[in-house]
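After this come two complexes, each holding chain A, first together with chain B and then together with chain C.
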Partner chain A sequence: MIELRLPSRLGYERVAMDAAASLASRMGFETDRVAALKTAVSEAVTNAIEHGNQHNEAMKVVVLLTVRGDELIVSVTDQGHKAIDAAYVNRVPQISEAMKRDDKGGWGIWLIQELMDEVEFTTAPSGGNQVRMVIHLER
Partner chain B sequence: MHNGKTSIELVVPSILGYEIVARGAVATFAHFIGFDQARIEDLKTAVSEACINAIEHGNQLQPDLPVHITSSYDGHRFTVEVSDTGTKPFGTITEPKTIEEKLAGAASLRGMGIMLMAALADEFLVEPSAAPGNTVRLIWYQCEVAQP
Partner chain C sequence: MLEDELKVSTRVIGNIAVIDLVGDVTTFAEAKINAAYQEMSQNGAQQILLNFRQNDYINSAGIAILIGIVTEVTRNDQKLAFSGLSPHFQKIFRMVGLSQYAKIYQDEQEALTDLQNAATA
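Presenting the complex of A and B:
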């Protein structure tokens, strides 16, 4: 298992993206699957920085990368200043609606669910938000 | 450019190959800080060597033993610390042999890691960790860009 602790500052999601991509490439994932993984990790870490930790740089985002057989499990945990809105977890955003808003965000959770094979949103034992994502290696 | 003090921490298992993940994470961090590509390439090689030493020697290739990598930046100094759990302590560090000396048979052809780290980092130090183990500290100073 790889453990990565990052400050809650936008831009650091790239460190997590590259670490996950490096591990996935080593496992034999195809390029398009690695790209999907990078996007999902980026969204999950960005959510943790922006929402869970409210951009407080002293708060850490913890990313765990676990290889189990033919699957890579990624867990992203924040320190939970703000809980994930349950309504977002089951919502399918509409482009037409988004275009009417000044804020074009709100796609992260949906993207993660579309790109990963398994996704689970829970509360970590520490009280923060935890996103657990699994991507399967197809041989 | 990033001016405040900031750091990332990484823990990897003692499995050869995981140094690639570590060096990539540290390189991405250095790029984010604003290091130029040539220095990042030096940093990647040195971090790889430090991690391989920790995996092979300090942790004796025991997968469950962790290698801790902490990388920090304080506004002008970029530091990478690589710590193992010290199954095998580092021997006394003597002046590393040169490539010419190695090719002449004065030393093993292996063991280039310490020489490389010393050559590529601005400062290089090996010391016992606070906890049992060895810590390699690599430091690079951010070069100021001369104004025209």
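Presenting the complex of A and C:
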């Protein structure tokens, strides 16, 4: 298991993204699957920095990368200033709706769910938000 | 330090305004992309090509910025296209629905050829 403890500052999501990509490449994932993983990890860590930890640099985002057989499990946990809005989970955003709003965001959680094989949003024992993502190696 | 800061430059080829984006398209890119679009629009651009570099990092905040450009282009009755996206981001742009509003080309040359042909047809 690889554990990363990242400060809650935008830009550090790239560290998690690159570590996950490196591990997935070594496991034999195809380029397109590695790219999907990078986007999912980046979105999960960015959510944790922006929403869970509210950009408080003293608060950490913990990323765990676990190889189990033919799958890579990525868990992203924040320190939970603000819970993930349940309305965002399982919601399918529409671009036509986004174009009518001032805030055109809200795509991150949906992208994670679309790109990963398994996704679970839970509350960590510590009280923070936890996103657990699994990607399977297809042989 | 960790950001590959976005470099935005503009040029005009025929009747096509090209906005080159080199670097990360994240929340930090908003002002630069919007400024380039506004500059080209004020100069009368009707066809705008957003030309990416293959290995760019584009996150959901960047996608939101591009939805903002699509919104403006639609409002101003302009035509928008994308080129130079990696296969992964071509897929993401289709998933999000950006391709409903802007055609996606493999590279700049393909885009310029098609847009110029369409304009003269």
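Rule of thumb we're sticking to: the second predicted complex is superposed on the first by the 139 of 139 C-alpha atoms of A that agree within 3 Å, B and C clash if a C-alpha of one lies under 4 Å from a C-alpha of the other, contacts with A are read in each partner's own complex, and residues count from 1 in each chain.
In the analysis below, a residue touches a chain if its C-beta (ideal position, glycine included) is under 8 Å from a C-beta of that chain, and two chains touch if they have at least 3 such contacts.
In this text, all values refer to a predicted model and were calculated from it rather than measured experimentally.
Asker: Looking at the overlay, does A:39 come into contact with chain B only (first), chain C only (second), both, or neither?
Answerer: second
Asker: Which partner does A:57 reach: the first (chain B), the second (chain C), both, or neither?
Answerer: first
Asker: Is A:3 touching the first partner chain B, the second partner chain C, both, or neither of them?
Answerer: first
Asker: Have a look and say if chain B or chain C is in touch with more residues of chain A.
Answerer: C
Asker: With both complexes superposed on chain A, which partner does A:23 reach: first (chain B), second (chain C), both or neither?
Answerer: Touch partner of A:23: chain B, not chain C.
Asker: Mind working out whether A:15 is in touch with chain B, chain C, both or neither, as first, second, both or neither?
Answerer: After superposition on chain A, A:15 lies in contact with both partners, chain B and chain C.
Asker: Do chain B and chain C land on any of the same chain A residues, and which?
Answerer: 11-12, 14-15
Asker: Which residues of chain B touch chain A in the complex?
Answerer: Listed in rising order, the residues are 4, 6-13, 17-18, 20-21, 24-25, 27-29, 32.
Asker: In the complex, go through chain A and note every residue touching chain C.
Answerer: Checking each residue of chain A against chain C gives 10-15, 32, 35-36, 39, 42-43, 46, 94-96, 98-99, 103-108, 111, 114.
Asker: Going by the contact rule set out above, which residues of chain C touch chain A in the complex?
Answerer: Listed in rising order, the residues of chain C that touch chain A are 1-3, 26-28, 57, 59-61, 63-65, 67-68, 70-71, 74, 86-88, 91-92, 95-98, 100-101.
Asker: Within their complex, state which residues of chain A touch chain B.
Answerer: Spelled out, the residues of chain A in touch with chain B are 1-7, 9, 11-12, 14-15, 17-19, 22-23, 26, 57.
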